[in-house]
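Some structures to go through are shown next.
Presented sequentially are two complexes of chain A, the first with chain B as partner and the second with chain C.
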Partner chain A sequence: MSRSKYFCVMALALVAALVCSIPVYAQEKIIKIGALYPMTGRAGLYGLDSVDAAEMAIEEINSKGGVNGYKLELTNTDSKAKPDYSVMVAKRYITQDKTHFLFGVVSSAVGLALTEVSKQYKKIFIGTDHASTQLTTDKFQPYYFRVSNNTFQSMAAGALYLKELQQTKPWETIAYIGPDYAYGHDQWQELKYNLDRFGVKYKSVGEYWPKLFAPDYTAFITSIINDKPDILVAGFWGGDTVAFIKQAQPYGLFKKTLYFHPDAGGNYELMSAMGSELPEGLVLSARHHNNWPETALNKEYVEKFFKRTGRYPTYAAEGAYAGIYAIAEAVKKVGNPDDTEALVKALEGLKIQLPEDPEGFTSYIDPETHQIVQVQAIGLTKPNDKFPPAKMMLGDWKIYKAEDLLPPKDYAERLKKK
Partner chain B sequence: MKKSLFNKDIIFWGLFVVVFGSVPFLKQSDYHLMLANSILIWGMFAVAFNMLFGVTGMLSFGQALYYGLGAYSVGLVVKNYGPSLFLPAIGLGVVLAVITSILVGLLVIRLSGVYFTVLTLAFGQLAWQITFRWYHFTGGDDGIQGIMPSGVLENHTVYYYFTFVLVILAIWFLRRVANSPMGLVLRCIRQNPERVRFLGRRVRRNQLRIYVISSFFAALAGGLMTGVTNSIHPDMFYWTTSGEVILMAVLGGIGQFFGPFIGATVIIIIQDVVGARTEYWSLIIGLIMMVMVLGMPRGLVGEIRGLKARFAPGRMSRG
Partner chain C sequence: MDISFIAMQFLSGLMMATLLFLVASGLTLIFGVGNVFNFAHGSFYMLGAYLAYQAVSVWHANFWLSVLVASVGAGIFGMLAEFLFLRRIYGRAEEGGFQILLTYSFILVIDDLVKLVWGTEYKSLPRPTGLTGTAEIFGLSIPSYNLAIIGIGLVIVVIAWLVLSRTRSGRIARAAALDREMLGSLGINVPLTMTVVFGIATAMGGFAGALAAPLRSVSPGAGIEVIIDSLIVVVIGGMGNFWGAWLGALILGEVNSFAVATFPEWASLFSYLVMVLTLIFKPEGIFASRKIRRI
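Presenting the complex of A and B:
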């Protein structure tokens, strides 16, 4: 066989592979949702939980006959948390698979890359689990909607908590530890901004920037002990929280200073990983809690998820669950999943009752920023073994009204100027 | 012999032009265009990388440095000065890559074997760290989004043909280098650098030349890629990017000029086809690599040439 022949073979293989990659869909009325969750690596659990919860929501809706005769269908591709690869897949979803919605994403970097694709192709992108405030402020584009809280909302609730705390238990000094990348830096900036906004007086005595996924925090722990802050604000993500708390405990850090972690600290992942080792009295929050609010909807959601997967959900799951219901509601209003502009209008201001809504409150999407507006609850770690393997859960809740947590109107301008 | 080599080249180019040139007409969606564009760009990157690895025997684990440099030059220029400077920014990227590769090259070529590999890796990772942490300038781990080419290049088909022509020129140039007296010296350096010195040829000068040439095309690949994905990210500097291009070269066959191009094609298609169906695509790539290394050490193209020699009595394999 000459070289020309095998190049022929290669060329044919290329064409064959391209043709094979075209999926075949049955001719029924389907709302196609193209998701991009990481299924491997450090963020793998978040992806797994999100896909399970999204499929659970889809089954619930489809078993009741779907939406206006349409069935929902989710396709997930492992994003590998890589933006360039995710962009390729998103373009495949839109141009080839004719997906109606882009969906998901754990990493903010992937979210920022996909919002550009969504803007370019005028396809709605439902963000379920990435917290970068930029997406709904200075990088905002009309086809992007987020159905989970962003870091600004968590930090605004955190600042209000610290303000109240100052009145009951006076504190003066504060320090921050967070991963040295955008997510870590954003949280600290936003907390300081909100503390100033709410007129809280404080003195910052230290900032510590370990690397993301750093294995050893000893040097930081000893510095924190030397700097003696009254409050230690943490901005860790994922398994880093577990590693830090485990390493800091033998130093008695949590007896000397109040550990305060309002964005992702209260994730069930931490409680299940640490069991009874988790110290009592840490102040944590997350975008969803398995034991708050004690509404029928939340209980049913958590139990159903447990029955389906054999584990309790992390906060990521509820974001995906909310995303599917938001899509279903919007399609119900419009009547079909093809009229993107009408769907955008339907999603703007959409009210949707979610597991994380307390009695008397319904989450809604802010028509201006396309950010969901939700109540935030901050709690203290307390013994509670109702959600094994966790032995500690949050309790003594403090609840913050959704409207108080939104960024002021000029915030996007402020970010742009930076 | 020379004539037959020329004929085969003509056949390759003919096929190459027909297959890739017809994608815009045969495509069913924009996605196919994007996929073909990625294959062209990664293919060029892999062929240029192989000039260093397969031809000269210098396994650089830091070519991501130049790929990233090319991409970030375009990203930063477009972000700060507007999309009209997209093309000059690609030029800037390759110029910066040439300057950097001369400076870095002068240091790294003093070492050989695994020491060379580790030092190139160190430089690559250094660039990654800087990009990752210099938040205000590079956008940190969030990267930069919305990098669109301007003017006629805004059209995806035009951009595809623009890349296509550049890749043809790049591969043609690299082919010329590989077949030139310099290419011969490079092969000799791989086999026996001492002997090259005895023959009165400069080893380091030739190594530096090919390092710079390879880095030039890595940066060009990075710059062109920004027009396809419209966003950049520090991962482009990360060692996994260098690893991917090594994988492509090894899969296609490092002993063959066009091998890495085929390797890039196969890996991108596997990623696409398998990745769309299961998250275990890396397992499939892993298995393929295992089979390749254990059973087909000459790579896809090398093994096919080997087969050709076996079934054609009286003909010797040049593989």
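Presenting the complex of A and C:
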């Protein structure tokens, strides 16, 4: 192609792009949501599920006419799970794209970086998946809101479960294994804090810190077996859970020790990956379950997601779904997406009925910490093939009331002092 | 620490070492012969795991057949990558930098390819029939599949040694490591040798991936996780030193296994410590007796 021809084509393409984009902005008022989900690597599935669920929620709302004449619009950029890169994209979202909300994030490291951007630019950041308790305690800032449970809530529920268990099936010793970074360490600290708070007596016989994404756990497994704990608490997420369980099972670890994994262990990806290989009787939980609660809303949400994508959702999906509804509700109250201070007020204490809410309960955002308050259900793995390719799902649920799982008032102070 | 626990941790270390060696052997082979540092070697491992998954779960093939499919598939992919891309940068002044960039781009391409074909969900492969249970040796219960892997690792070491030292092809490969130009002037088709060696190395990666698949989660990005440890193995053993890779893997596996049992909080530090000490005191690798000898 000659040079002049090349420029002609480029110019035409540019004109075409301009013509196509003008009417959109001229006719419609838009709530712009700038998301940063990872699309690659180990957390890619969480990102993909989140974007699919967020778009599902957006279609539901837009097809009913949107909010106060506004349509919702989501843009996602692959965060690559990298904080510095995500900060750059978030700044571009705010300064160039004039985004109204920052949204998403799977990794707590990225979440902690973005909450600084949100504070600096006074733009609301809706956290949908990352679980570090710090964001709503000692690193709290007024423009951050989280619409899924944090690790403190999971561990408080876990401690209550272990307390009840001690009454029916006395146990004494406990060991922990979790990835060697903030998420892994926080869970163990929070579990011990909650066990102490609820007056549970226990003896810790081992702590293990494999690297995140470590492929081989054999040495850890044989060492844990040697410690003979009654309870093994695990703080893995994603493929690490799969690898650990697969490697531990033939050593008979689960016959000797109760496997207890209350934050991310009950995520559907584990059931879908392991099928009938998943042992029965593991105690797991997650931030959303495809088969609990059996409300019409949850069933409808899970089926709709399945029809849309051909797979059942992981818990990350429901966080993103909740985030979109929280934005819609807040804009509905305020009337526009531009008055940030009014939106903050509207989100504080906001009540939203979500798929994970059991009958008679509505999730709400705590006005003081901006953390959503939700019920947590912990279950046992049991045969159930209603959500293929999973052959096991959770059952025998124990339900923990939302209010019992919140950190005490002085918890943020405690963390700051450390 | 009683004796049965020590034996148990030793076997755990041996298990880790064997899988490390299987991955690292391909890495060290291609470095030794071709002087290519294949940063994407882990991705061929991942590709092998996915191909095995495809063969077992979709085509319902026998597990051992799927290991073959994975090795051959990864090998063909490797030969294509060498023939179409790597070959073009041999001998350039900036080859080292280009190698890293080019093979790093293979990681991204293979990761995305895997995602397009198999999606992002974690995949899992059951253990092969007959090896799902546990074996009792000296009163220790060891998963039989783990024992099988340790055995396979030993067989591979011996086969590789026989091929490299006793056959004509092995001698050509070793000669290519020393002087490619000289080999060419003796009438050996050097470019073809390079492609074949690269194919064998990546096939070994695929083989390791397939064998590891029943023990690990198969997911995009799985290649990155193994490449770092393999690199440590290769550094400890000496870049391009085949026996060194086996002993390096053994050291790393055992150091890690006993560190986990004794200082769990500092366990991951020890593998790096071994590498750092090697680099300071014997940068050519612990087992490189003479600087020139490779493979």
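The definition used in the following text is that the second predicted complex is superposed on the first by the 391 of 418 C-alpha atoms of A that agree within 3 Å, B and C clash if a C-alpha of one lies under 4 Å from a C-alpha of the other, contacts with A are read in each partner's own complex, and residues count from 1 in each chain.
To be clear about the criterion, a residue touches a chain if its C-beta (ideal position, glycine included) is under 8 Å from a C-beta of that chain, and two chains touch if they have at least 3 such contacts.
What you are looking at is a predicted structure, and each value in this text was computed from that prediction instead of being measured.
Participant: Could you say whether A:Asn226 touches chain B, chain C, both of them, or neither, answering first, second, both or neither?
Facilitator: It touches chain C, and chain B stays clear.
Participant: State whether A:Gln134 touches chain B only (first), chain C only (second), both chains, or neither.
Facilitator: The answer is first: A:Gln134 touches chain B but not chain C.
Participant: When the two structures are overlaid on chain A, which partner does A:Tyr181 contact: first (chain B), second (chain C), both, or neither?
Facilitator: After superposing on A, A:Tyr181 lies in contact with chain B but is clear of chain C.
Participant: Is A:Glu277 touching the first partner chain B, the second partner chain C, both, or neither of them?
Facilitator: After superposition on chain A, A:Glu277 lies in contact with chain C alone.
Participant: Can A:Asp78 be said to touch chain B (first), chain C (second), both, or neither?
Facilitator: First partner only.
Participant: Figure out whether A:Ala113 sits in contact with chain B (first) or chain C (second), or with both, or with neither.
Facilitator: A:Ala113 contacts chain B only, not chain C.
Participant: Based on the superposed arrangement, let me know which partner A:Arg92 touches: chain B (first), chain C (second), both, or neither?
Facilitator: first
Participant: Which chain A residues lie in the overlap of the chain B contact set and the chain C contact set?
Facilitator: Residues common to the chain A contacts of chain C and of chain B are 40, 180, listed in rising order.
Participant: Of all residues in chain A, which touch chain C in the complex?
Facilitator: Per the stated touch rule, the residues are 40-42, 44-45, 48, 180, 206-211, 213-216, 218-223, 225-226, 238-240, 242-243, 246-247, 250-252, 269, 272-275, 277, 311.
Participant: Touching residues of chain C toward chain A in the complex: what are they?
Facilitator: 5, 8-9, 11-13, 15-16, 19, 111-112, 115, 119-124, 126-127, 132-134, 141, 143-146, 212, 214-217, 219-222, 224-226, 256-257, 260-261, 264-265, 267-268
Participant: Spell out the residues on chain A that touch chain B in their complex, using ranges where they run on.
Facilitator: These residues of chain A touch chain B: 1-4, 6-8, 10-11, 14-15, 17-18, 20-23, 39-40, 77-78, 82-85, 87-89, 91-92, 94-96, 108-109, 112-113, 115-117, 119-120, 132, 134, 139, 180-182, 185.
Participant: State the interface residues of chain B toward chain A in the complex, per the touch definition above.
Facilitator: Chain B reaches chain A through residues 8, 11-12, 15-16, 18-19, 26, 28-32, 34-35, 38-39, 132-133, 135, 139-143, 145-146, 225, 229-233, 235-236, 258, 262, 265, 269, 271-273, 275-276, 279, 281-282, 301, 304-305, 307-308, 311-312.
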